[in-house]
Structure formats: structure tokens, C-alpha cells
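Each structure below is given as C-alpha cells.
Below, chain A partners chain B and then partners chain C, in two separate complexes.
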Partner chain A sequence: MQTAWGWLPAIYLFLGGLGAGSLLIAALFEFYGDRDRYDFFPIPLAGATVSGPLLILGVLLLIFELGAGRREPWRILYMFTHFSSVMTWGVWLLTFFIPIALIYGFLEVLDTFPAACQWLKGRRWLRWTAFLWNLPLRRTKRVFAGIGSALAVGVAIYTGILLSAVGPAIPLWSTPILPGVHLPLMPLLFLVSALSTADALTVDILTTLFAGGRFRYSRRTHLIHLALITAEALLISHLLLHAFGEGGAAAESARQIVLGQHAPVFWIFIILLAIIFPLVGHIYAAGLGWHMLASGLSSGISILLSGLFLRYLILISGVPAFL
Partner chain B sequence: MLPRWSVIPLALALVGGIIGLGVLVEPLIQKVVAQPEPTPTPALLKYRAPQSWECLSCHISRDQLSQTVTDAAELERLWIDPAEIFSTHGRLGCMTCHGGTGDTQDVTLAHQGLIPNPADYREAAKVCLHCHNNVRTDIPEKHIHTPHERILTGMREGWEVCACSNCHGPVAHGAKPIASHEGLAAYCIDCHQARNVPPERLKCSGCHIIPHDITLDCEVCHRSTRTWSSVRLAVHPMELTGAHAELSCFECHQRPNFMGLQNACSACHQRPHDFGDDNCERCHTPEGFR
Partner chain C sequence: MEIPRLSRRRFLGLTAAAGVAAALGVPLLKKEASLAQERPKARYALIIDTTKCTGCGACIEACRLRNHLPEGVSYIRRIVKGNERNPWFLMIQCQHCANPPCATVCPTNATYRREDGVVLIDERLCVGCKYCMQACPYQARVYDEERGVADKCWLCLPWVLGGGLPACVEACIPGARLFGRADDPQSEVAQLIASGQAKPLHPEFGTDPSILFYVIEA
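Here is the complex of A and B:
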């Protein structure tokens, strides 16, 4: 079993996925969810504002985890120039994504809280930014939401690409999307999980808490979330079945997950909390049209927890191939 | 009703809480559930390439080396081809495997704690086995059978076994004896003969998994290790010419030991006369059928 990656990478992969997914969900409502119909809409507000901070926290943990990042931080700069490495792609994605996410979050705050906007406009030390205040806020916000979405897909996929790049050494991580197709499954699984966890945070929990779970497209939103949970279940099944079929180190990883040392985590936090319980909760919510407080909070928290455990489980059960 | 602004801190606090809960709950679950005996894992090999530059500054320069080494043969042995440092193992840096003291130009100090052959059975458990602790004994896709399991156990237990480099050579320095039979012979066969290793271990099947379902020794049919696919047709009791030469062995012979023929002549040839039976060989030979 690989012992180099444990909780810390699992946490920053989770934060990366959740941050990217949150921005995607916020942007989705910005473009299609009638954001303009409401003065206060918790989904885009939470999605846009938490995205940047979560990514920053994830990057700090990543730098902390890299031995060189702690001892000789300037060596991080080398990561910008090694273009054949997926790490470099990720570094560039994050370099562009974080500022865009922060600006988008800031614009969303200004849009939701006009008083804050007025307060800032009145500050003398911000006079030099006067030309910015003349820009149309919502249109500018949409530009950042659009650019941010494209980068967010990249960041969410990247967390999976990072693992599959190590794949030849740890066969479970390089499981193909379909037998015979040389595209790894991890990026898709992590993208689906990123969207599902972000949906859980912004829609299931925060909208239930702050808006009683009711908004114009809530039923459709729950159906989409239902599809995401189903897709995640299918992708996890494919991951494990393929690993068992492949034999060797991949099968050993799958055995560890389903029957071995990590089986309790898998059955409780993935099967029960990520699939069965949220499926029931979302079928109920889709039928009703909105989440009740209990169903929204419980399914939201269970999906968030399972998103974290999914990454942890995949990392911790990586069995190295024979070298 | 919660104030609107609290959406943002609440979202961040929720994420923090979820992470904290996950980190706390997982060890508790692992404690409650009976754990199998953990597989022993070696400590990590310390990556010391950044400290190895001073080693290279001397060892890739014959001029520098000649200041401390006078014997030409010894100088050549200690010289490192700069191209080798970009190999997979070369990139790990000298000190990662060879130890010694880094970041110094003092020759004596630099060589303190040096491990001349890190692949030796006395050292390999601390060096090679960090990454290669899980090597296979049978490699069927390459038809190779190796004594890896016994050697790795020996290294862990401190038995006198051969060094990794006996077959694999000094992997960070370009040599690849395993790539050819000639290279292997120099390292393995001579040593095995000297140590009276049982004769069957010196045959092809001592290292190779036979890819066919047959029990004959490889060398009965195969001519050489270079052109292994050409078989020793001279051992065939009848000359294989014409259509016979184009057949694969098992279109006529039976597995696993070639005893008997599964196809009689009459399976392909028509009997042009009424007398006799289907056993053509009673009267005919392939050389002079008529």
C-alpha cells in the first residue's frame, strides 16, 4: 500500500474539487438560474465567495505537504516551467483560477450587499478605482463567471489527472474510462464528485438554511443532483469492477476497499452516505420540489463528508505496481 | 432567521467542520473494526540529489579525479559519464543510494559513510528495496522466472544472496547486463557454476517460463538465444519440405511432449490406390513418396 499520501492530500484534493465545483454551480445559476430575479440568492453567493478561499487553503496545504515547499519555497517556481509535467499544468490553472474566483466572489458580494458597494465607493483610499465602479456590475460578473467556469472545469478535472498521472505506478489510479480507451476515469469521477459536493454545500445546506430550499428551479436542481449521485455511483462501480478484473495491484486495491482494511470507510462513508442516503433524500426533494430542513442538512452533510472520504479512500488504498 | 452575510462564514465553517469530522472519525472507525496485520513498509529513502552536486563536480571530470587518483584503470572506474546522471536512477542523485557526506569539497569527508555497492545484499534492503520491495518472481508476459522472492527474503533476513546488481548491473551507471544473455552469463551463470547450483537451474527453464504447453527442454528445439524463434529442424526425424515446412509443430504433433501424431497422412493426402490402409508410412517415406 502506498504510504506517502494520506489525509493531507485528500483534504487539498477535496478543497480543490469543492472550490472549483462551487464556482461552477454559482456560474450555472448566474447564467441559467435566474440569479437576477432575487436580491439575495444563497447559491451563487456561497458558491462564488467560498471558491477562492477554499482553493487558497488547498494550495497552502499542498505547499506545506511538499517537503521542498517548506524548506526551499523558491523551488516551487520551477513548477511553472516544466511543461511536460501535469503539475505545471495544475500550477498554471490555479494561478489563473484563484484570482478570477476571488474577483467573481467579490463582485457577487457587491451585487448581494449594495450597502457594502456604497461604503467602498465612499472610501478615499479607493478613489483611484473610480473607473472600475462605472463598469456594469452584473455584466462584468458574468464575464468572470464565464472565464472562471472554464478554469473551474480544468481545476476539478486536474485533481483527477494528478492522480492518474501517477497511475502507472499505482494501477487503481489509472483505471481507464472504458476498457480499451486510454483515457483515465479519475478526472471524470473527481469532476462529478466536485459538482456533487458543491451542490450539497450551496443548494442542499445553505439554500435550505437561508431560503427554505425554495427557488424557481429547485426541482430541476434536485433532479440534476440525483443524476450526479447516480453517475458517481456508476463510476465508483466501474472503478472497482475494472480493478478486480485487471488483477494484480489494482485488484488488491479494490479488495482493500471492498473487503479489507478500508471496507468500513467504504461501506459507511461511500455506499451509505454518498449514494444510498443522498439518493433517497434527493428523490424525496425532487418529488416535493424542495428540501425539508432535515433532508437538506443531512444529505448535504453526508455528501460533503463522503466527497472527502472518496478522495481519502482512493489515495490510501493505492497499491503500487510491481517495480 | 440568520443574517444574509453569514452565508459565507457558515459555508467556510461547514467545510472546515466536515474536514475535522472526517479526520476525527476515520481513526475511530479503524479502531473499532478489527484490523488485519499491517504489511511492513520500509522507511522512506531520503532523496539527496540536491546534496550530490559536489560528488558530480569531481566524478564527471577526469581532470578533477586525476588530482586524487593516479591509477588509470581506477580513474576510469570512478569516472561517471555525465549522460548517466539523467537516467531514471541517476536522477536520484549519488548520495541517495551511495550515502557519504554532501555539499563538501573535502575528499575524505565526502567519502565518510560511503556505500560502494548499494545493491549488495547487505545494503540493498536499505536502498533498493525501498522502491522495489514488491518485485515479481514470475513475469509470464516476458516468459521470465526469477528467484526474486528468495533474494528479497534473503536481503531482509540477512542471508548471503546475490546482489541486485548481479543481474541488473549498476542501474544508475548505464550498464544493463540483464538486457542480453552474454551480460547475464558474465554475472549469473559463472557464479552459479562455481557454486554448484543444480544443473537444471542452468538450463533455459531455470530462468524462462516455457510459453508452450510442452515438457521438452527449450534447447531441444531452439537453436540460439539470439534467434530463439527458429527451431532446430535438424532434430526432426523426417525432412520438412514443401507444405510440411509451412506447418506449425502442433498441427501434426501432440502436446505436451510431441509423442505420437494427432494427424495421419490421410488427413491431408488422398489414397491413390485401393490396396493397403490409411497408414501411408507403412510403405512410403516423405523423401521418396513414389
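Here is the complex of A and C:
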């Protein structure tokens, strides 16, 4: 097992995926969810507003993980400079993504609450922004949602490429999508997990909590989430089966996950909390058409927890090829 | 009439700020001038004969002493191979790859390869993200907790450039370590490499180690 990266990078990868996924979920409802038919639509509102702050929190945690970069923060600027490194791509992606996510969230708040719009228009110290008020709010918001979702796919995938880019050093992390295909699995797994955890946060938790009885959304929402959970289960089983089949360090990683020292985390936090429990909860919700408070909160929290533990498990069980 | 004057003042201010930032930033971005810019004169090779190595660990301690590393930390790591009847030892340190994955993944370009093949870390650029430690398939890197930077074997470069030997070579009791110039066909290291007895470790990683070679009995 590798020891250089532990909890902090796991939380960072998790928050990166969650924030990017939240923006994607918000944009999905913005473009395909009849957003315009409602004055108040909690799912895109929740997704757009949490996205930027989650990423900021993740980046702050990442800075804490750095050694010299924490003590001498100007060194972080050097991280923009080396384009062969996936980490440099990530730093650039986040540099563009975070402001766009923040602006998108702000515009979504303005769109949902016209009173906030009026209040801001009335402020004397904001008079210099007068020209902005002539822009069409909805269309501007959609532009930011579009650019933001393209970048969000990049951020979610980047959290996976960061691991798969170590190549032969840690075979579990560079498992291919299909045997013989030179495309890593980890970016796809992290993208699916990002969408699933973001769905859990925005739909299962925030929408159920703050708009439970008052807001009815499409039954398709639950079917999409069911598909995401199923896809995640398939990708995780493919990861483990491929690792067992490959032998060597990859098989040792898989053995540690399924049978070895990390088995409790795997069976409780992945199999039970990421797959079985949310599947039951969402089949129930899909039949009902919406989440009960209990089913929404419990499956939402279990998916979020399991998303974090999935990153941690994959990080901690990365057995180097060569000991 | 007020607006242009204000904007000019702001422009001048921004220019001054940018100038100060550039003046501060450029020297920080410069590499360690002494080691990075010196013209290479040689191609080095360090061959470890595992059939002679007794695994005593003198190289590990010599490396630790020369590089002032804390107790228990060294740029050299011992792996025990074989079985209880016939153990043998594989000493691992930076392989000085021609295609170093640590340098590829480094976000700050702190790890770089000299023209003579020695891979070095400019510790003033390192942010301590530990990405290189994950990417090195030989796990040849150590983390300097005190300074928060990645660290590894640097082939004792100042000694070598001055005509000396790496500490591990000097300290090796059974004489299992050979150091020399691979570009001199008369040298012992060049002949061992040419004969195919000394081989790079795990060439299937695609890292193309260019300085470290091992003699391993099949």
C-alpha cells in the first residue's frame, strides 16, 4: 500500500468530483429539466450554489497537504508551469472552473429570487455594475452553465487521470477501461461517482430537506440516479475483477480491498452504503415519485459517505508495482 | 475629464505592480545555476553486482551520513529477494531514467534531467505534493519532512564532478558497486554494459534507466 497520500487527498478528490458533479446536475436540469417552467426549482439552485464553494474547500485542503507549498505559498504559482503534468492541467482547470461556478451559482440565485435582484439594483455602491443589468439574465446564466459543465466534466475526469497518470508505478490506478484498450478506467469511475454523489447532495438531501413537500420533480430523476449507481457498481466490479486477473501488484490491491485489511471499509462503505442501500432507497423513491424525508436523507448521506470512502479506499490500496 | 487621469494613474500603478512581481518572480524561477548549467563532460554508470552484494547496508548508512539525512532515512533502500536458503539483495536508489516519470508528473518542473543523464530536484521549486513519489515505479524517492520537499539520490554529483565517487560506491565493503564513465569504451562499466551482463532494472516500465545497472544472476 502506498503511504504518501492519505485522507486529505482523498477528501480533495471527493470534493472536486462532488463540486464538478453538482454543477453538471444543475446544468442538466437547466437545459433538459424544464427549468423555465418553474419560478423556483431547487435542484439547479442547490447544484449551482454549492459547486464553487465545495471546490474552494477542496483546494484549501489540498494546500494543507502540500509540504513546502504550505509554508511558502508563492511556490503554488509554480504549479501552473509544467504542462506535461496532470496536476498542472488540474490547477488550470480549477482556476477557470471555480470563478465560473461561483458566477453561475450567483446568477441562479438572482434568477430564483427576484427580490435579491431588486435589492442589488438599489445599492449605490453597485452603480458601476449598471451595464450588467441590461444583459438577459436567463441567457447569460445558460452561457455560464454551458461553459461550466464542459469544465466540470474536465475537473471530474481530472481527479481520475491524476491517479491513472502514474502508469506502471501503481497498477490498480492505471487499470484500463477494457483489457487491451489504452484508456484508463479511473477517470470514468470518478466521473460516474461524481455525478452520483452530486445527485445525492442536490436531489436526495438538499431538495428533500428544503423543498420536500412543495416540489414535485420528474420520476426520471430517480431512474437516472439508479442508472448511475448501477454503473458505479459495474465499474467497481470491473476494476476488481481486472485487478485479480492481472496478477502481481494489482491483484494484491484487489485482495487487500476484498479480503485483506481494507475489507471492512469495502464491504460496509462501498457494497452496502454505495450500492445496496441506495439502490433500495431509489427503487422505493422511483416507485413513489419522490423521496420521503427519511429515504432521501439516508440514501443521500450514505452515497456521500461512500463516495468519500471510495476515493480513500482506492488511494490507500494502491500497491506499488515494485516493492 | 476626470476619468482618463484616474485610469492613467491606475495603469501606472498596475505596471509598477507587474514590474515588481516580475522582478521578484524571475529569480525565484531560475534553476540552481551551479548544477543545472554546467556543461556535461561525461555519461556516468553505476553498476551494482547483486552476486557480490551481501546486503550489509554500508551503502545505505554512507549515503545517509554524506547527505546529512536523519536516522533511518536514506536514498538507498534494500529489498530482500530469494528464499531462506539463498537470499540475495537488491539495493534500490534513483535509477536516473532517461524518461523519468517523476519529472513528467511534477507540476512545478522541480525535477529535471541534466544533459549527462543525472536526474536532480530543484528543491526551491518543489511544493511537496508527493506526486513524483507515486509516479516513480522504483519507489526511489523519500520525503524530507523537515523542509516539505521530495528528495532522492543525486549521484553525489558535486563529489563526482570533482573527480570523486558517490558515497555508496566508496563505502561498499564487498566491492559490489562499480562507478565509471559509460562513454569511455575502455572502462570496466562500459564493458560490463556492452557484454549484456549489466542490465537496467525493469525495462518494461518504459523509463529507460540510464545510469543505474544491475548484474543479476538468472
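Basically, the second predicted complex is superposed on the first by the 316 of 323 C-alpha atoms of A that agree within 3 Å, B and C clash if a C-alpha of one lies under 4 Å from a C-alpha of the other, contacts with A are read in each partner's own complex, and residues count from 1 in each chain.
Simple rule for what comes next: a contact is a pair of C-beta atoms (placed from the backbone, for glycine too) under 8 Å apart; a residue touches a chain by one contact, two chains touch by 3 or more.
Because the structure is predicted, anything quoted here is derived from the model rather than measured.
**Q** After the overlay on chain A, what do you see for chain B versus chain C, clash or fit?
**A** Because the two structures are overlaid on the shared chain, the partners are seen to clash.
**Q** Applying the document's definition of touch, where does A:E65 land relative to chain B and chain C: first, second, both, or neither?
**A** After superposing on A, A:E65 lies in contact with chain C but is clear of chain B.
**Q** Using the superposition on chain A described above, determine whether A:V166 touches chain B (first), chain C (second), both, or neither.
**A** After superposing on A, A:V166 lies in contact with chain C but is clear of chain B.
**Q** Given the touch rule stated above, what does A:V155 touch, chain B (first), chain C (second), both, or neither?
**A** After superposing on A, A:V155 lies clear of both chain B and chain C.
**Q** Between chain B (first) and chain C (second), which does A:W5 come into contact with in this model arrangement: first, second, both, or neither?
**A** Second partner only, chain C.
**Q** Thinking of the overlay built on chain A, is A:V50 touched by chain B (first), by chain C (second), by both, or by neither?
**A** Touch partner of A:V50: chain B, not chain C.
**Q** Tell me the contact category for A:P320 with respect to chain B and chain C: first, second, both or neither.
**A** In the superposition, A:P320 touches chain B and chain C alike.
**Q** Once the shared chain is lined up, is A:S85 touching chain B (first), chain C (second), both, or neither of them?
**A** Touch partner of A:S85: chain C, not chain B.
**Q** Between the stretches 147-155, 237-245 or 273-281, which region of chain B is in steric conflict with chain C after the superposition?
**A** The listed stretch with clashing C-alpha atoms is 147-155.
**Q** Check chain A for residues that touch chain B in one structure and chain C in the other, and list them.
**A** 4, 320, 322-323
**Q** Which of the residues in chain C come into contact with chain A in the complex?
**A** 25, 28-29, 79, 101, 103-110, 123, 125-131, 133-139, 143-145, 147-149, 202, 204-206
**Q** For the complex, give me every residue of chain A touching chain B.
**A** For chain A paired with chain B, touching residues are 1, 3-4, 7, 11, 14-15, 18, 40, 42, 45-46, 49-50, 53-54, 109, 112-113, 201-202, 205-206, 209-210, 260-261, 263-265, 268, 301, 304-305, 308-309, 312, 320, 322-323.
**Q** Using the touch definition from the top, list the residues of chain B that touch chain A in their complex.
**A** Going by the criterion above, the answer is residues 2, 4-5, 7-8, 10-12, 14-15, 18-19, 21-23, 26, 29-30, 32-33, 35-36, 38-39, 41, 44, 131-132, 134-136.
**Q** Quick one: which bits of chain A touch chain C in the complex? Just the residue numbers, please.
**A** 2, 4-5, 65-71, 74-79, 81-82, 84-88, 91, 162, 165-170, 318, 320-323
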